[in-house]
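Would you mind keeping the following structure in view while I ask a few things?
Going in written order, the chains are labelled A, B and C, and every chain counts its residues from 1.
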Amino acid sequence: MKKFFMTMFALILALSCVLMATACSSGKSIKIGVQSGTTAEFFVKGNQEMLYDGFSNAECMSYDSSGLAVSAMLNGQVNYVIVDNEPAKMLVAQNAGAIKMIDVPLTTEEYALGVDKNQAGLLESINTILAQMEENGKMDEIFEKYNSLVYDDDGNVIGGDENIVGIESAAKNNDNPQGQLVVATNAEFAPFEYKKGNLYVGIDMEIAQYIAQQLELELVIENMEFDSVVTAVGKNNIDVAIAGLSVTASRKSSVNFSSSYYKGAYQVLLVKADNTEFDGKTKEQIIQTIKNK
Amino acid sequence: MNVDTQNDDNVLIKVRNLRKSFDKQEVLKGVNLDVHTGEKIAIIGPSGCGKSTFLRCVNCLEDPDGGSIMFEGEDLADMKVDINIHRQRIGMVFQQFNLFNNLNVLDNITLAPIIVAKRNRKKGQTVKEIKEKEQEKAYKLLEQIGLADKAKAYPSTLSGGQKQRIAIIRALAMNPKVMLFDEPTSALDPEMVGEVLDLMKKLANDGMTMVIVTHEIGFAREVANKIIFMNDGVIEEENAPEQFFAHPSSPRLKEFLSKVL
Amino acid sequence: MEKQWNNFCRELFDNGGYKDVLNGLLATVEIAVFGLIIGIIIGTLIAMVKVVPKYKILPRILEKVVDVYVGFFRGTPMVVQLLLGYFVLLPLLGIAVDSIIVAIVIFGLNSGAYVSEIMRAGIQSVDSGQLEAGRALGLSYGKTMMRIVIPQSIKNILPTLGNEFITLIKETSVVSFIAVVDLTKAFRQIGAAHYEYLVPYVVLALVYLVLVMLIALGVKMIERRFKRSERRYSK
């Protein structure tokens, strides 16, 4: 009996040592925070199809939202956060005292709507409406609204939101899917989509509302994890994904992309205290600097 | 009441006004008893009269609510007294034997003596020597009861009678000054009662001081030199066995004896 | 279906997904194993506080403290505890710790609350006569516990601890909330590459199932071992 316990104990101890050793030797020198399921994840880890080399020296830390990634960075859990330029601006505005942005785009991201592959007609009408919005200035008007928000030092909106009206999602009616436009989104991506109380606001949300109005459909917004937004399209009567979604080859296998309504880019956020010299560097130099960390 | 038939120097345990309640029910209502060295006291009484509780209070397995228990010059009822030291000198035998199930017979007997001997270790004495000495002692005790071949057996393999006899020598291995028996034969099959009573008789003949709570009236009459009748939390009558059975004075004792005899 | 399967295999083998899966598996096992070890240590301490007699003032205060602890960890979801630890407690303390360490500590604290109940029940299942017999021989409370009661309670505790380990393994699937790449997250990433989750999630479930079955088998073997050793005593 005693012998049995001793062997058990020794076994557990040995196992613990092995596990500890492997835990400590990940061999990564820095950590980069991203939003889970975004292409930034692949940008950090590397992906052949998207032609991303990745950062071999960096551990990719995936958070549910870029906001959480930034709060982890503020606590020193990650060194950099890589995030789309528009949310990046918003995050800097909200954490003005603590973080800064390297104002050089690292990638080019074409934002578009992901449309159910079985609804060719819907894709066509959405493209028509998007073209119409570019023409009649509606698109610029929407972007202008969100660019003119004014923040105080604590990141609270103190002005510029007079014209922003929250959008209410209609209740989903599975008996009459024809009468509704159901969009999937992840409302933690200001300024493209976020929530104000139980109402939805953001650039994407206003675009979705405009499209629904033009198509004379009721707008239903389904808020979910960003991971799931693309896969959800075509299931459970969900027609469209609109979530600051960049066009990628792999996503094209799941959805048909509309024409692009915005050109975004990934940018690097870092804490103010980080005094690595990034000023005046090109995109390639910035990436190399981070890789050398 | 002829409590002071023997002189006071011989008093080993002096219990005065012992009280104990469980929740609101008072089980012991002021018990007084002197146990003299060499004395064999049998406690009888109807079930629920508090005789087991009284015994368990003597070595503080139940903490008394009031009164005093003088043993070796200290009051065991005082919470400041290190009860563990005194318990080593007061052997206890339980109705349910309570052999340690995880230890074999030899370890059951030697566990406590080895711990005590280690604490009082003399200079130059190794742990191994202590163990060997105690084991030798345990074997001698086992031989006396004819169970030396069971030294390496585990309690689950023994009969009730064997268990109780080993429980008795486990207590003896501590060299106690007094032995308390809490209905030692009540949980035994009838055919095993004899072997346990025989061992207790032998102990009595060797001069051990014993306090026995029992239902075995015949055994009490034969072995005890004082019999106590407890009823409703007090000692109702105490006497030498001949007078006790021949001339019971309390009506409740008369009634009790008429039922059990 | 076949295309999905091919995509999955390509992600897993050609694009290095297996590395993530293996690391994820390691993280999952690591969090559960260390969590359980911490849990056993904390659980034992709590169980001691719970079973110790309450004559003195100190054990009574300790019991109150322990009640609050157990109440908190049993009364809130694991995810909330992880988020509190990572996004609230660490910033308050102003320290940066690896997220896997945070996960291990939180899992340890959480399972400590559950293990304490397992331990308490195991100790209380041992016949009170065993404790009394030890005390009657003059052994201290602690000595009697260590030499007599606890060895007997282990037989009851060990299989239940095995179940606690299985629970921990399964609960680790939420650690991606604090950016740990565990088994679940690794497969989610494979799915995210092509937005096809059917195959990855089915395989994920199978991996968990096999893992849990292996542990259950181990627990059973230990149990049988105990039964056998008991029978050996009875010769």
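As a working rule, a residue touches a chain if its C-beta (ideal position, glycine included) is under 8 Å from a C-beta of that chain, and two chains touch if they have at least 3 such contacts.
Keep in mind the model is a prediction, meaning the values are calculated, not measured.
The touch graph of these protein chains is an open line. Of all chains shown, C has the CA centroid lying nearest to the centroid of every protein CA atom.
Set against the Cα centre of chain A, the chain with the most distant centre is B. For the pair chain A and chain B, the distance between mean C-alpha positions equals 78 Å. Averaged C-alpha coordinates give centres for chain B and chain C that are 46 Å from one another. Remark: chain A and chain C have CA centroids separated by 34 Å (rounded to whole angstrom).
In chain A, no residue touches at least two other chains. In the complex of the two chains, the chain B residues touching chain C come out as 59, 61, 79, 84-92, 94, 96, 98-104, 111-112, 115-116, 153-154, 156-157, 167, 170-171, 174. Listed in rising order, the residues of chain C touching chain A in the complex are 15, 26, 29-30, 33-34, 37, 86-87, 90-91, 94-97, 99-100, 176-177, 179, 181, 185, 188-189, 191-197, 222, 225, 229. Those residues of chain A that touch chain C in the shared complex are 1, 4, 8, 12, 15-16, 19, 22-23, 33, 36-37, 41-42, 45, 47-49, 60-64, 68, 71-72, 74-78, 227, 230-231, 250-251, 253-255. Listing the residues of chain C that touch chain B in their complex gives 55, 127, 129-130, 132-140, 143, 147-148, 151-152, 230, 233-235.
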